[in-house]
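Chain IDs A, B, C and D follow the sequence of writing; residue 1 opens each chain.
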Amino acid sequence: MILQRREAIPTILVVVAFIGGAIASPYFLDFRYLLDASSLYVETGLLALGMTLVIICGQIDLSVSSTLALVACIVAKLLAAGWSAGLATPFGLALGALLGLVNGLLVSKLRLPSFVVTLATMAAYRGLAQVMMGAQSVRIPASMSGIDSARLPGTPIPLPLSILILAAALTGLLLHRTVMGRWIYAVGTNERAALFSGVPTSRVTTTVFVVSGLLAGFAGLVLASRLGVARFDHARGMEVDAITAVVLGGASIYGGRGSVLGTMLALLLVAFLRIGMGLANVTAEFQLAAVGALLVISVIVTNVVERYSGGRGDP
Amino acid sequence: LAGCNRGGDRVAEGEGGSAGKKLRIVYIPKNTGNPYFEEVTKGFRDAANEIHADFTTTAPATAEATSQIPIIKEQIQRGVDVIAISANSPDALNPVLDEARAKGIVVITVDADLVGNESHRDAAVLPADFGEIGPSQVELLGKLTGYEGDFAILSATTDAPNQNAWIAKMKEARKDPKYSKMHLVDLVYGDDAPQKSTTVCEALLTKHPGLRGIISPTSVGLAASAQVVERAGVYPGGDHVVGKGLQLTGLSTPNQLKKFVNNGVVTAFQLWAPYNEGYLAVYLGQRIHEDGLKPAVGFFFETAKLGKRKFSNKLELIGGPLQTFDKSNVEKFSF
Amino acid sequence: MQTNPLVTGRALRMAFGGVEVVKGVDVELLAGEVHAIVGENGAGKSTVAKILAGVHRPTGGLVEVGGQETLLEGPRQALALGIALIHQEPLTFPDLTVAENIFVGHQPLKGRLVDWRKMESRADELLSTLGARFRSRDLAGGLSVADQQMIELASALTHNVKVLLMDETTAALTPKEVAELFEIVGRLRADGCAIAFVSHRLGEVFEISDCITVMRDGEKVGERRPAETEVGEIVRMMIGREITVPPSSERAPDSVTRTESPTFAVKSLASKGRFEEVSFEVHSGEVVALAGLVGAGRTEVCESIFGVRPMTGVVELDGKTVQIRSPREAIALGLAMVPEDRQHDGLLLPMSLAHNATLATVQSTARTGWLADKQERSSAKDYLERLHTAYRSLDQKAKELSGGNQQKIVLAKWLMAAPKVLILDEPTRGVDVGAKEEVHRLVRDLAAQGMAILMVSSDLSEVLAMGHRVLVMREGRLVAEMSQAEATAEKVMLAATGQVSSAA
Amino acid sequence: MRPDPATAKAGRVWALREFGTLALVVVVFIAAGSREPRFLQASSLNSILLWIPLLIVIGMGQMLVIVTRGIDVSVGSMVGLSGILVGMLFRTHPGLGVLPGCLAGVGVGLLLGSLNGLLIAVARIPPIIATLGTLSAFRGLTFIVSGSKQINSNDLPDALTRLSLDGPVHVAGVTLSWILFLALLVAAATAFAIRRTRSGRDVFALGSNPDAARLRGIPVTRTTYLVYAFTGALSGLAGVMYASRFGFVNPATAGQGMELSVIAAVVIGSTKVTGGSGSVLGVLLGCLLLGTINVALAVLGIDATWQLLIYGLVILLALLVDKGVQGAMTRWQGAR
């Protein structure tokens, strides 16, 4: 019930953004286009889903966009080397999970601060991709590319979008319906108390990073397929968009608070905002400023609402 | 030839803007805040005014490979007639550009082409003859150093298509016996980031004490290097000069180097007229869109202001020509 | 003795999230008087204290300082007016030295700069008068709850306090330390300070206070002079009913039918620099009380057994040697531990009561790994009610409960796990008489049902009343073991303080 | 969480932790020097000593922010905005002196930092969110005020560039530039302030236990506000130093991504990310390590494509060293 109240704000904002977009540009109210344009945010969405778990667990993962790029590059190379899609895809996912596992172990076993660990792996993973690929980029064979021109059979919904929705549903189940999910909240709230209550804290922490890596790997496959090529410098800075979405969605950066629904609503919000401003030819710098301001304002509003609804206002 | 000459004549007759609805052109530079593309945009504006086209420009905040994709999609949705773009990636844009062309939008790459993916655009307008840039940079350095001594190249990123193309040509050009006494001793990358360019340039001076020359075919690299060379005082007439001194040259807009030309740190450097690229792109777009012009290799394209230009082998028009700047003329330019 | 009020609360009211928890309370703290405030858990004692110290701004009523109405902006201003509060849950800065902790916010200055030498020397003086084990340059991190409270006391003394509010300051202290504390309180009283003394230990209350205010459900039910009343009456006023069972301190324990082989045994446990050669057994159906001075290492022994800290030695369950490397493994083996530091180790303060209560059992309740919300909530409700916990709803946040009620949540969590061996570290710290009784009865019942129980306590009467056997630790070693029959307050204290050669 | 005596002991000898960083600096020097003797020449030392000043100045603020359990990822954007504004000031007032310019930069930074401070201390927005917001907001503003136009070297007074071109001290070909001294001055002042002023101590108390800080009467809001305002002011100063160092200010690249290096330097400098503890010396060494690595990579001529990877690995290595394999191993137990 508290959760619902927390998602109220993003929901309202989404509606506002939608109306705003419709007013700002005559080209906005075209649902097919909205669907297509939104599917450009699928990779960000997948990263944001993983990031939601990580942040609720009281950690942060800055390495996701690098993981994305590395997985995309390696899978592309494998496909070029003649691997079948059926083989390369699971391999890519496994690789993503593995990269996440490295983060997870460094954070949970060696007790290193996730901010710095993932800051380092952010450089290391992309660096690895660069070493492997050098300057050139690798083509994705036609069989695996062009995912966003494909649509969910019988619907106008682009395939990537439906993938994101599915992933969100699964993540939601994990977070809100399983014991692991409850543990994630517990560890994010008070790791020591969780430990005393028999929660396998380091396993939980590791898990969230693994999931984050897995989803990042998945995002890598989607992006590679959409672009038809993979390259070490793709998706730079996407981690910031992901974090933005998670926090806009009402998650507490201090852990213990947040939800999948909130994150997805926030993502939709950002998408509509960007699309609307883009169609209205709002310059990049104004878009930057606008999204930044939105983030700050939404958090202020949340705080205010909570303070007056007797919830916890203190950050 | 004739067919296209007629086209040229018609432009010369100046009856560009067709009656009825205005031609809608958008230009998408690599990123905002890049002085070089400011100048290109100026060319776009003037030409668009001449033919009464409706011109807009919009760019991503960063030159990240995929950052132009949403913008292109938006422009497709806005139903523009011509998309001119300085591509941030030689291949990541293929799908979305195909989508645009499928909708009958003319796609012209400006300054940065889709190297190896030329089939995904209608035509390109490039800064200068790539065959010419490399050699003339080497020649310029040769003139400055008396055709002798070690020299190094400070480029942008390892994967910048233009840079790599030019560097390849420089290496070729050196085969000419005339340059036999010039030795390319190092090739480094500053990622077009001030800090890194500065650091690698300093490293060059450390590694090669007797270095005679540095070619930096990118304005960030050149500006950063100029600062380094001035500090080290190794330029001809500098207070730590070794032998004849180090000659720094490369490609940059005049404004960014005026100070260093005037205080002698840089003797001479080059650039083409970015303005022309924008100017050409507009007319080219109009001709293809309104008159169904089919660019063909070896054919000529003519504009009243810039005269005739030939489509080279990959359907490129050349903004060119290369202009050399030094004390005598640098103050005359302001871009 | 003068009688001018230094601080007065008139018709104080306080509401949290619309729930009124203090309903028109009047208190008057007179110069040169120790004023005790007693009441059940959740009665509102801490809240009143916090209002007087400017931590909470009352939603009704007013505070008078030195006779005139004052709107306390916050703790800063209160301190400036000479009003200091020693909080129920200690508030130290682990990364700072003890000296800094004492002088935080009002470091001695030389010119406009902090004078470290002066700060540390003054801190050391204070600490020695308080008889502290630690010195001014030590880091505060890692000191025990009691040590931390001592730091707060010292800090309060450095502001030349006129009004000292002590919220359950004695809860973690042993009689020896309580005596030292009371000495200081006596001195302050003589200097004409006003002292408010919140405590559940009625014995101490009667020993030290000049006046007792009794609270119940946020209301003041009466004010008495110790001379004119007795424990029974106060207790009746506190809980508003006759307690049928006599206070545990006078009650003989149930006789135990000892199983011949112990359910739980540890052999020569050691942890470098903390404790060594700790060996003891706990039989099923038996309550073993572990006494000792604060800092003796009891908590650390418990935490080590429970797998929170590394240690060496052998742990046996039902005669079989077991490896415990984490609380998880301990729980799997049928152990449970109620930690000493409720707030840090026991609770998820911002989370709901339901989730707190079921945290240890959520996995076993949910056989498949999918949560079983219904069972969870019903059993949570069930256990919380069994412990007579005062709460509004299962979705209420744990941090909104009073100290005692929070402890009950922690207990409920472990009872749900139905452990074979239950370790309790200061289970009744900051718990009121009524609740304390319930906890004691509960512990007895659990033992009677065959649970093996190890109970750490600094409360002598509790140790004597509950322990079928009493172990005593001193400076990391077991120094004495005595049967219920042998154990007397004197013996235990002597062993704990090391006045006799170890008798174990 | 209440640290156990183990960390308490470690804490008492906190100073030792910095030596881990120092050791790494030495290691990098030896490793690089043995592969390329020229690396040990004065010129690369010069290069390092010019690499670190900006980082040091911002690092001082960032360190205090992290000590209060906060983070400021907007520093890079603040550098950019103040750099551009001061640059425009110089362009429109060619006669303007360097000192007024620096003050203007500090002023601008102070303003931006104050905004961060208000958002975080008063509006109670979690630091990473507030500064993520201002990170893009300030960058956007930079484009807007500058009309996306770059400040070129001929717009900047020579006196300004002189600050980094030469300096008061020359020893054996090594020039200790003015901006380096400026940075060290800032560092010294910070060190003194955090040790000897009440507000300075309040910062550490606040970071060590925020609840206690509030209840023990520390001006939490003011202190929090101050650290961000301070960081802003320093970033503003760094903006001017940036203009001096590189001789041009581009609205897109100025300070871009700098926050990561700064945070890395601060954390490598054994500042406790969980708050409450950090030292100026540590940050100085952290900056020195990063600077050394960057220059070493360049001088060794390590293939550009390898640099990112190595950079990442070295930060990890630094973390591990700082942690100390010993401590890490014992925690392995507790971590279960």
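The definition used in the following text is that a contact is a pair of C-beta atoms (placed from the backbone, for glycine too) under 8 Å apart; a residue touches a chain by one contact, two chains touch by 3 or more.
All of these numbers come straight from a predicted model, not from anything done at the bench.
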{"item": "Pair of chains ranked first by number of touching C-beta pairs", "value": "A-D"}
{"item": "Inter-chain centre distance, chain C versus chain D - centres from mean C-alpha coordinates, in Å", "value": "44"}
{"item": "Distance from chain C to chain B - Cα centre to Cα centre, in angstrom", "value": "75"}
{"item": "Euclidean distance of C-alpha centroids - chain A vs chain D, Å", "value": "29"}
{"item": "Centre-of-Cα separation between chain B and chain A, whole angstrom", "value": "36"}
{"item": "Numbers and ranges of chain B residues touching at least 2 other chains", "value": "31-32, 61-62, 158"}
{"item": "Residue list for chain D, restricted to those that touch at least two other chains", "value": "1, 139-140, 142-143, 148, 305, 336"}
{"item": "For chain C, residues that touch 2 or more chains besides their own", "value": "308, 326, 328, 344"}
{"item": "Category of the chain touch graph - line, ring, star, complete, other", "value": "other"}
{"item": "Interchain contacts, given as pairs of chains that touch", "value": "A-B, A-C, A-D, B-D, C-D"}
{"item": "Chain D residues touching chain C - in the complex, by the definition given at the top", "value": "1-8, 11-12, 195-198, 200-202, 204-205, 207-209, 211-219, 272, 275-277, 330, 333-334, 336"}
{"item": "Chain A-touching residues of chain B, taken from the complex the two chains share", "value": "31-32, 56, 58-62, 64-66, 69-71, 73-74, 77-79, 89-92, 94-95, 157-159, 164"}
{"item": "Interface residues, chain D side, partner chain A - complex", "value": "1, 71, 119, 123-126, 128-130, 132-144, 148, 260, 263-264, 267, 273-274, 305-313, 315-316, 319-320, 323, 328, 331-332, 335-336"}
{"item": "Chain C to chain A touching residues, read off their complex", "value": "16-18, 306, 308, 326-328, 330-332, 337, 339, 344-351, 355, 359-360, 362-363, 366, 369-371, 395, 397, 413"}
{"item": "Chain A residues within the chain C interface of the complex", "value": "1-2, 177-183, 185-186, 189-190, 192-200, 256-257, 310, 312"}
